[in-house]
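By written order: A, B, C and D. Residues from 1 in each chain.
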Amino acid sequence: MDLHLDPEDLAFRDAVRRFLDENLLPATRRATALTTGFINDPEVAVVFHRALHRKGWSVPHWPEKYGGTGWTQVQRYLFEAECARAGAPIYNGAGSNMIGPVLMRFGTDEQKKKYLPRIVSGEDCWAQGYSEPGSGSDLASLRTRAVRDGEHYVINGQKIWTTHAHKSNRLFALVRTSTEGKKQEGITFLMMDTGLPGITVRPIIGNGGDHEFNEVFFDDVRAPVAGRVSEENMGWEVAKYLLEFERGGNPVAGRVRAQFARLATLIGKKCPGDADIVARLGELGTDLDAMEMIELTAVSALQTGGNPGPVSSLLKLRWSQLRQQLAELAMDAVGVEALRWIAARPLYDTLQLPADEEQMLSVMPRYLNYRAYTILGGTSEIQTGILARSLLGL
Amino acid sequence: MDLHLDPEDLAFRDAVRRFLDENLLPATRRATALTTGFINDPEVAVVFHRALHRKGWSVPHWPEKYGGTGWTQVQRYLFEAECARAGAPIYNGAGSNMIGPVLMRFGTDEQKKKYLPRIVSGEDCWAQGYSEPGSGSDLASLRTRAVRDGEHYVINGQKIWTTHAHKSNRLFALVRTSTEGKKQEGITFLMMDTGLPGITVRPIIGNGGDHEFNEVFFDDVRAPVAGRVSEENMGWEVAKYLLEFERGGNPVAGRVRAQFARLATLIGKKCPGDADIVARLGELGTDLDAMEMIELTAVSALQTGGNPGPVSSLLKLRWSQLRQQLAELAMDAVGVEALRWIAARPLYDTLQLPADEEQMLSVMPRYLNYRAYTILGGTSEIQTGILARSLLGL
Amino acid sequence: MDLQYTTEQKLLRESAGKFLAASYDYTSFQKISGGEPGWSAAIWSEFARFGWLGLPFAEEQGGIGGGPVEVAILMEAFGKSLVLEPYLSSVILGGGLVEALGSQQQRESLLPPLIEGKLLLAFAYQDTSSPVKAQRNGSNYVVSGTKNTVLGAPGAHQILVSAALGDGATAVFVLPRSTPGLTIRPYPMVHGARAADIDFGAVVVPEAALLGGNQNAADAIDRVIDSAIAALCADAVGAMTAMVARTVEYTKTRVQFGQPVAKFQALQHRMVEMKVREEEARASCLFATLSLAGPAAQRARAVSGAKAKIGRCARAVHQAAIQLHGAIGTTDELSLGAYAKRLLAYEMLFGTTRDHLRRYAAIISDPGIAAAGLLYDQARS
Amino acid sequence: MDLQYTTEQKLLRESAGKFLAASYDYTSFQKISGGEPGWSAAIWSEFARFGWLGLPFAEEQGGIGGGPVEVAILMEAFGKSLVLEPYLSSVILGGGLVEALGSQQQRESLLPPLIEGKLLLAFAYQDTSSPVKAQRNGSNYVVSGTKNTVLGAPGAHQILVSAALGDGATAVFVLPRSTPGLTIRPYPMVHGARAADIDFGAVVVPEAALLGGNQNAADAIDRVIDSAIAALCADAVGAMTAMVARTVEYTKTRVQFGQPVAKFQALQHRMVEMKVREEEARASCLFATLSLAGPAAQRARAVSGAKAKIGRCARAVHQAAIQLHGAIGTTDELSLGAYAKRLLAYEMLFGTTRDHLRRYAAIISDPGIAAAGLLYDQARS
């Protein structure tokens, strides 16, 4: 057992660094650093995505035949870490981490041919329509109805928490096509364009002032049956597969590490001699080291063809807490100045200040938005319940 | 509204202080300070109890006709606080706070006449037989059987966590006299002598090394029916009344305040410049101030004939946590030296060192023993459940 | 010792609660906080009509003669309803300083219009790396330096400012906002209230602007700021109370997996923790409120202790409330986020939770003080 | 990077676990910890027979040539079974120093008997207010001062001691316990292991007692102590693992209100927290273990980070385990309390959790290091 990077890995890492030096624009880095929401604005991220695409690196974790790189798990890990360290944005995870893998598994040849290349190139931007006002943690209780009418489904109902629905041209959704049997048994997985008549998007503004989420209303929307993934009423199986990807998915240690490093820099500038703040930074650093080790262990297991076991819920639970705590410590390090509020978004358009001052103004919105980390994508309570079963046999 | 002590209160407080100066012996103060368990050894505490008895102050909270003082609630509060501050021990709470009030409410004239004066004087030392190995939080599921046989009950079964059973001459216990109906309906409350044939006491040693708790085995024990309080099968009502006293009862802020002041002294000697330890002391100080205020508010409500509301579970929950945290901080303040272990008990007999060094050696046993604060007398989980109902209507 | 509210006090709570529940709901809050001044003149004149603007002032000043307890009752109601009007900055800080330090003439010229709702004050006390100094120059003073985090300054007619005199003493001046050379740079805060940075660019002010003549104002400033902190504590308790109540209510109605989520034991336990923190915060606030009249050491201990304790409780409560509301709690669709922001402002203003914890810890580390309970001998105050 | 255990490593874990489960139950532990020496010679000779006493030493020294991972596997098993035998003090610290610093002759005279179980060492490194110094005197040294918390000293045949030489360098001497003037004051620790304070009352020792000649031993001491801390971390992980498993088991069998208490959601959530902390502690320990071979900065970061992180996890786990066991968990009837005490000893020895957090925080505050992940370039080590 060892933690060494072998010469090939080091050469790979250096190649990634060179690529980032040359292709990640300062304006993109700044916009990413001043992003206060969860995910990067597609219009910012797509610029970098295109550069990756030119290099053939836009979907490294995909099979090579669909545009992936064939990298080892360790290389993927290093790539993610280097991108995060350099301050690179992520473009439309709903495309490359959700619908893409779903189509590879469940899609028809036609669907794959139509959609996958446009994810690879960044032409399509996807949104996810899962939750409904009455169906959050209890997703399977969803009620948005789809009734077959010839070659269309006619959809009526409502989705909520649809991230970037207002910036996406495509949408996938779970809809109810049957009310018979168990609630999981009448669900269908549908893809459609967001521009279809009858679709209305209403913004939901987060506590941090950002517009990332939406309600999406469906009023007699006619979506082609060709957009159905898997069979009618078989959507729950698709949804579960997708959730696994959402929870496990890409290694995130690099992202959290980058957040941590930015915080260390902030503290070094703002309050380097504050023993209490520095001690909290230290505690979070030890948490981060431990979690990164857990993630690396899973990577190593995958690398050698093993099974990482039920760690995805543990990772989701703790990474989300840790990101919140880092945002919280940043707020505490800034102190009373963190109360100054800029309402306009995005900050990278609004602000024209020295970089340090700009960072300070992003601290409070980020703290507020990040409270959702332990809620979205499966609340901490849900993850804890899963862990009670999977880790403790309770 | 105000927090002032009026001249009468101040005069009263000074009288108490004078009494303590004159009657609380240095050896008793030392033994109390070196007590690492929950309660004071009766042989230590009874010395002070006798002095109180001579003064007429041994059961201040009792009605005057049974030996109480007729003090106001504020005076009672001040008395407790001054005793704690001076390092006075408490003698046999099971007598004065449990069986005494129970007998006043449920006892026959004969029972009152026989037992109450011996509690006032300190002649009797009582133990409580409630819990059983299978009946802790779920007390009503108790199974120790008592079968009527003429003027006796014949008892078979087992009690556990019987504090100081090995140092008490009397015992009260809940026993099952019927298995019909709800489990609460077949319980009887019995008093008996601990010396009865068939009673065996087995010590349970705490993690902190102290012998306070016992298992008590009943093997065809014949206890006189005259020791029954209230009717046969009506013991649950008695038990509930007693539990209220155990949980509400005397104000404890003074005791926790005294523990806090000892800790402040320890920190001042051992690590006065340790910002982290001092900050934790501060946090606990603010907790203590808040809890004392809650207790004072209840005292004020009683003083003016009002009802303090459902605070007894809140006080139990938080006081027990706070006492643990104070013991924990003391351990952390002492650091590696806290690992030195003296097995023999009581420490006040074993040790012959400078007072500071003796205190340091009491820190670890106290930390360990105090873990039981949030368990005994109703676990924190049980208290939280009660509060969910009483405070939140859940 | 008496900790029972009087009938008058209970009536004040009830009437404040009723008025605000009817006139200051979340929609009004959003309108007011989103608008330019950041507070409502109409609401302010209602406050004047109820006598609230005169609540803490002596009757001979035209006030009501209320004490800290009455102020706390009002502030708790303000916290509960997210009131943005500049009561703390104008009445408690501004008016409080005028009453404490002002000459009779100053009191007579400033307090009645304040109480009538026609005059707004603000107090600039928070020094920056360029602290405010005042230098005598003939019959004038030259005031220079910068203050920040001046609550309520954007709407204030007169600015009170603390300034270091040459001799180690501190003075307070009162300046019209139109004073030449005075630059007020306003900004909104996260919770909707307004503050400003103020540059005193060598402003020349007449001797008459000195509040209460040439005495050292440091003690009075400390006392007024402590009273403002205690008032802010009550505001925070109000906000926490609302958050806890709303969370319990929400979990009783939110159904998942076929039952209200309030049925889940893990959530029940978390809500009990929230409620316990609310109760502790309320008790802590009461201790601070009642200690304002006590000896200086008791006041400092109680006020800093409360600021720190309530700050810790507030942090835990706002986080738990958001978590238990799920996704909807992270948006501005409900008032929940506005309460969270208000509690964050509470934590940071007038010294952070950590600042006050340090102040408290230094006091309480003295074993003599550590051993002292909350009750005190009035004769020593 | 490779984080998979080898077959040999898995076998070592299995065989250690099996032997200890059979030979070292709670009753044996109680007997051994209550007895005079505080460890069992019979068990120790079994350890020798399995080759465990030679595990970390090079094969040319008669050892097995195991690395930090093998040591961690063994230590985790020791922690799981509450093993009191002086493996850490004698093998890791004592033997580790001899291997790192000793001359060939010293290694040959000390390591084989150590590996055979016939020689016990202890390392006195913790200075007191009277730090240990060594002064050259002809061909001898005069060693004076006092060390405390010397693990395993009561049973050791030879004492290794670090001493400041006049020139700022540090040396290690090895002294027979019978050296005239040496006073060993033994005491038991809370978790049953034994330690001692040692007075070196101007002890005269020959030059031959200097471990490895006149080089500065400071780096070697640091490295050996870091390896001991990593080993102790593994021990703590073993103890935590046992506590978590026992708690889950207990709540499945303990029935109250008609059902196993493990059915209560609040308890389930608390146990998940415990388990997560155990997993984090295990990962943290592995990071420290694998970083022992890395660059010095990486080693210090990983070891202090692990000591601090595991300390925090251990505290939470032992408190939760006791609470969830109810009253029985607060007694010596179950092994639970013994685990809690072992974890408390873990927290305090070789620098407390807070000491290591400070060391770690100082390292990680450097943004360059903060940004660095766990993987490292072997060429730099």
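Rule of thumb we're sticking to: contacts are C-beta pairs under 8 Å (C-beta built on N, C-alpha and C of every residue); 3 or more make two chains touch, one makes a residue touch a chain.
None of the values given here were measured: they were computed from a predicted structure.
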{"item": "Farthest-lying chain, centroid of Cα atoms versus that of subunit C", "value": "D"}
{"item": "Pair sharing more residue contacts (C-beta pairs) when A-C is set against B-C", "value": "B-C"}
{"item": "Where subunit A and subunit B are represented by their mean Cα positions, the distance between them in whole Å", "value": "54"}
{"item": "Euclidean distance of C-alpha centroids - subunit B vs subunit C, Å", "value": "42"}
{"item": "Centroid distance [mean C-alpha coordinates] between subunit D and subunit C, Å", "value": "53"}
{"item": "Residues of subunit D touching at least two other chains", "value": "264-266, 268-269"}
{"item": "Of all residues in subunit A, the ones touching two or more other chains", "value": "276, 279, 381, 384"}
{"item": "In the complex with subunit A, residue positions of subunit B that touch it", "value": "275-276, 279"}
{"item": "Subunit B residues touching subunit D - in the complex, by the definition given at the top", "value": "131, 134, 136-138, 141, 160-161, 204-207, 213, 276, 331-332, 335-336, 338-341, 343, 364, 367-369, 371-372, 374-376, 379-381, 384"}
{"item": "Partner subunit D, residues of subunit C touching it in the complex", "value": "264-266, 268-269"}
{"item": "In the complex, subunit B residues that touch subunit C", "value": "1-6, 9-10, 74, 78, 81, 85, 253-254, 257-258, 260-261, 263-265, 267-268, 272, 278-279, 281-283, 285-287, 289-294, 296-297, 299-301, 304, 306, 314, 317-318, 381, 384-385, 387-388, 391-394"}
{"item": "Complex interface listing, subunit C residues touching subunit A", "value": "149, 187-191, 195, 255-258, 264, 266-267, 319, 322-323, 326-327, 329-333, 337, 340-341, 344-345, 348-349, 352, 354"}
